[in-house]
Amino acid sequence: MTIIEALDIGLAFLVLGVAGWTIAAHEAFTAVIGYVVYGLLLALVWVRLFALDVALTEAAIGSGVTGVLLISAAVRLRASEAEMMHERLGIAPRLVAAALCLVAAAALAAVVLDMPDPGATLAPQARQPLAELGLGNAITAVLIAYRAFDTMLEKVVLVLAVIGVWSLSTDANWGGLAGPTRLERTEGPLAFLAQLLPPLGIIVALHIVWVGANEPGGAFQGGALLSAMALIVLMARLREAPAIGRRWLRVALISGPVVFLAIGLLGFALAGGFLAYPLGFAKPVIVFIEVFMTLSVAATLPMLVIGPPDRRPS
Amino acid sequence: MTSLLVWSLAVPIGGALLAFVVGGRRVHWFALATLPIGLAIAIAIAAALSRSSGPLLYLIGGWSPPLGVALRADWLSAIMMVITAVVICGIAAFACGDFISPRPAEARRPFAFWILLLALWSALNLVFLSGDLFTLYVALELLVFSAVPLVCLDGRAETLRAALRYLLFALLGSVLYLVGTGLLYGACGTLDIDLLAACLRPEPVTLVAASLMTAGLLAKTALFPLYLWLPAAHAGAPPAASAVLSALVVKGSFFVAVRLWFFVMPALPGEAATQVMSALAAAAIVFASLLALRQDRLKLLVAYSTLAQIGYIFLMFALAFDEGSGRMVQGSALVGGMMQAISHATAKAGMFMAAGMIYASLGHDRISELGGIARAAPLAALTFLLAGLALIGPPSSGVYLAKTLLLRAADNTGQWWWAGVLQVGGVLTSAYLILVVAHALAPMRRAPTPGHAAIPRLQQAAALALVLCSLVLGLVPWQPWLPLPVAMSGHGPLGLAALWSMLWPILIGVPVAYLLGRRGNRRPWRVALWLEDADRLLRQWPTAGASLVAVAVALAAAMFFGR
Amino acid sequence: MTEFLLGAAGFILLTVTVGLVRILAGPGNIDRTAAAQLLGTGGIAALLLVAGATGARGAEDVALGLALLAAFASVAFVNSVEQRPSDNAERADP
Amino acid sequence: MKSVADIFTIVAVCAGSFFFLAGTVGLLRFPDSLTRLHALTKADNLGLGLVVLGLLPQANGFLGGLKLVAVWLLVQLAGATVAQVIAEALRRRGPPP
Amino acid sequence: MNAATLAGLSGAALIGLGLYGVLTHPHPLRKLLSFNVLGSGVFLMFGIIARKGAAAGLAADPVPQALVITGIVIAFSATALAVALLLRLFAVDRSATLRPDATIERNDRSDA
């Protein structure tokens, strides 16, 4: 056994252990902390699977933004846990569930071991048009050229999620500032962090968007980091969240899917088809789309995390 | 011409995004402006298809599969798109009565409703058109994200809980579907439906994938026993939303299941698995219809009726299996199933709207206190009655055509037992309709609560139009689109025999309704109590979750050993 | 060199894992948050070492992302506890 | 020259690993939250710092080195802030028993 | 036993774990956490499929990796929507239970 194998096996056990802890923990808060750690370890696993783009996404979303979302939810829901203790299942139903899940997991494991290696792949086909598109990162090419349609729809999903979250407000609070009621702004270390971190974060995020064409990175990862910066400013209460009716907010939220859709439709006129990119101009068009996708991701994720407006519009 | 496929998606998506950014009190204008365009596009696609020799195909971005994503319109997509467009238009007309901002400012409920309606429409069109399994996954998620908030627009605790249950269970279903997608990609290196169909062999990977995906889709469609989320969600939502959810949203995941079984892997499931599917469907028909008899609220009764109808549309799986070739065939059983789906879509949308109007005019929807409704809201009551009749299936209705096709398929394949289930289902449907009618004809117990405004004309017209649409679906000349058997061409037989085929279930339904129906404080049969207990158990989360895994395991076992 | 870096990565991960016991033991949520913080730092160190050893392209960017978000969980925790003065720090660390 | 850089890397990374060990031991053994926090910040500051220092000679050009240092600085910032914020939360809870 | 197979087996195990959590935990937040564990197991399956598709000078097949990124975004949106629903439910009802007839039962109790 080489050292890298040992490391992989150790990492796998660690991931499984933390996941088991997340499932088995007694309190929700502990489970959430476990999940944050789990997200971090998963990023390591993705690095080992040569999926740096996914590792970045997992780092930004899995342990970062999801962590914030779930931690604040766990704290706010603490009072609900005691009441639900008596709903815990008895040992017999648990065993039945465990047996069923074991069967499912065993079937999947058997299937995984059974898969041929090397297996079916689209890597050669995905690689071939890269030069024509002016891209070096095949994943970016998949996301924004070959399967651009899925990516556009995924951005629409994000907008729908925002509408869904907002719709959970009340009629009276509609149009108010997004997010729950907050106390006055804090001073001290948190405010310091929230002033110092965002400029650095913006540089890193833009870097990640920019290199995304050729290296791991891209619009979503960069946008997620930007959204994290926005969140830290909101958490330190340096700024209020905007009112949900603000035009600039709405424009920012839909800019990604709208630009994507518009360029796709322009493709009918300029490139002979929906979401086709004009010959020779593919790279600038792709960068243009990525800029707006970054913007809308950066605006969307904080809206999803801080939740529906909870104050009357002023 | 094939670019219409893109426009049928781009128009509602664009409308929704524009409505979102402009906002204000006139959000509904965007939706109402989009409706005729969308309807026209759907009709144009159907027209183009009737002239074309094969499915319409559009390669997005010019990238051909396996690398790219294709949109494909075949006869299934075309009829589903047209019916969806019609139902959405009807629902939008109905919603004009409920979802217009009263104040000059933007209001929460109209804002969410109209945008989500458009998004839901685009999601459905994508479900019908997508030729790629992962795009279908995204489409299903779009559908869930636009459907869930509709459930709890009123913000009451029950509906919030129903929405949360729906969301969590649907997510569980999606994730199972997603595993299967990954495994199929691992097996064939493509997610394109046609390429997969040419590549898939019955081997462990593909069978495990198929069973997981199917189980996930069944959970999203709420086929028995995976229905824990449906009754509360469909019964609690505002009427227009209930209509969308019941008529259209469950058809989305159903459609994906059909795509999967009939188009992606027709040779994979094998006979035993089709029997499992139809057994679940039969259980749904009988169980849910009986439970519909036991409800005390009209909207819940309609929701359980939806559960039974979901059983009807899944019953065709065993009937469409051809023993000789060992494949699913796209013949009269499939046509019957789809016909049932579109007839139910139109009739159930009208039925939920009628229930909503009855609620609005009485201030409640307790079945035992429906007396006098025929005078208080005659047109709503009539619409409800006609919708119920449309579900039983008088000659000329789509349900009649569907039943004839399914019975014929059962006859051809020698599976008389499924034919029996169909007939029993007809009797039970009549029974719960009779129960409602009997209560509605009773004299009024007390004056209707004052303050309930008259029902807008537009709402009455919209509901009635959809129900009438369902009643005449059987008369539509379907030949250009559907592979109908020759003998079925033209109009259905309108003779005495056909009339009798509708009358006898009603005649038997009367005593069934009397014996099993919920009537005042009378002590019900013990069977009925057992049923209610079983229902309560199946609506518990652990039971439903375990059933979901069990269904997946059962399907996998059937696919492995039953071929 | 490669083996050494990987070994160091494994060692750091191992020690940090032992720190996870802290999470298991509690006693309070503050300790749990602190342990998550430690594991985050260790994870970043291990990531950098593995990247140095295997030469995976772009791993520094992943580390940068993780470093930017290192304080996130803790800040979210403190922030949401302080959101409602009624159940302040006592509730945070029972 | 290569070997000098390698030796430097090995020494620095070993030292860094030691501080991680120390941090964990502290986290496990110290009696109360404030001292545990102290142990934690040591690990953050020195452990990662030394690892980064050790990796600098192996870095991927100037930009790679810059990123490594940036990682360290960001973690420093995060560690310092979190330690203070948590300490404040503890202080508000009252004196340690 | 290479990294990819190991990750695949871990993925299968995580799917089992997550599924168990979703089935057995009564609290919706715990269900949601388990759902995320389940989801990441599924993504790891995609990861191993991508890794086994290494070809043409690419260390992994980019298509499944891209699908995972889309999947993570969707899973996050779903989590956010569910958390918002859950918090709203708790705010309205002071209870987070998912039992089907919880509200009706409580009304009955207060009526009695």
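Each chain gets a letter, A, B, C, D and E, in the order it is written, and its residues are counted from 1.
Keep this in mind: a residue touches a chain if its C-beta (ideal position, glycine included) is under 8 Å from a C-beta of that chain, and two chains touch if they have at least 3 such contacts.
All values derive from a computational prediction rather than experimental measurement.
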| item | value |
| --- | --- |
| Chain hops separating chain E from chain A, counting only touching neighbours | 1 |
| Geometric centre: closest chain by C-alpha means | E |
| Centroid comparison with chain E (C-alpha atoms), farthest chain | D |
| Farthest chain relative to chain C (centres taken as mean CA coordinates) | B |
| Chain pair showing more contacts of the two, B-E and A-D | B-E |
| Length of the line joining the C-alpha centres of chain A and chain D, rounded to whole Å | 27 |
| Mean-CA-position distance for chain C and chain B (Å) | 47 |
| Distance from the mean Cα position of chain C to that of chain A, given in whole angstrom | 19 |
| Separation of chain B from chain D, taking each centre as the mean of its C-alpha atoms, in whole Å | 58 |
| Of all residues in chain D, the ones touching two or more other chains | 70, 74, 77-78, 81, 85, 88 |
| For chain E, residues that touch 2 or more chains besides their own | 15, 19, 23-24, 26, 32, 45, 49, 52-53, 63, 67, 70, 74, 77-78, 81, 85-86, 88, 97, 99 |
| Chain B, residues touching no fewer than two other chains | 67, 134, 138, 141, 145, 148-149, 152, 155, 160, 179, 183, 185-186, 189, 542, 545-546, 549 |
| Pairs of chains in contact (touch as defined earlier), listed by label | A-B, A-C, A-D, A-E, B-E, C-D |
| Touching residues (chain side chain C, partner chain A) in the complex | 3, 6-7, 9-10, 13-14, 17, 20, 23-24, 26, 29, 32-33, 35-36, 39-40, 43, 46-47, 50-51, 53-54, 56-59, 61-62, 64-66, 68-69, 71-73, 75-83, 85, 87, 91-92 |
| Residue ranges of chain E in contact with chain A within the complex | 1-21, 23-27, 29-30, 32-34, 36-37, 40, 43-45, 47-63, 65-70, 72-74, 76-81, 83-88, 90, 94-97, 99 |
| Of chain B, residues touching chain E in the complex | 67, 134, 138, 141, 144-145, 148-149, 152, 155-158, 160-161, 163-165, 167-168, 171-172, 175, 178-179, 181-183, 185-186, 189, 228, 232, 536, 539-542, 545-546, 549 |
| List of chain C residues in touch with chain D within their complex | 1, 4-5, 8, 11-12, 15-16, 18-19, 21-22, 28, 30-31, 33-35, 37-38, 41-42, 44-45, 48-49, 52, 60-61, 63-64, 67-68, 70-71, 74-75, 78, 81-82, 88-90, 92-93 |
| List of chain D residues in touch with chain C within their complex | 6, 9-10, 13-14, 16-17, 20-21, 23-24, 27-28, 33, 36-37, 40, 43-44, 47-48, 51-52, 55, 58, 60, 64, 67-68, 70-72, 74-75, 77-79, 81-82, 85-86, 88-90, 92-93 |
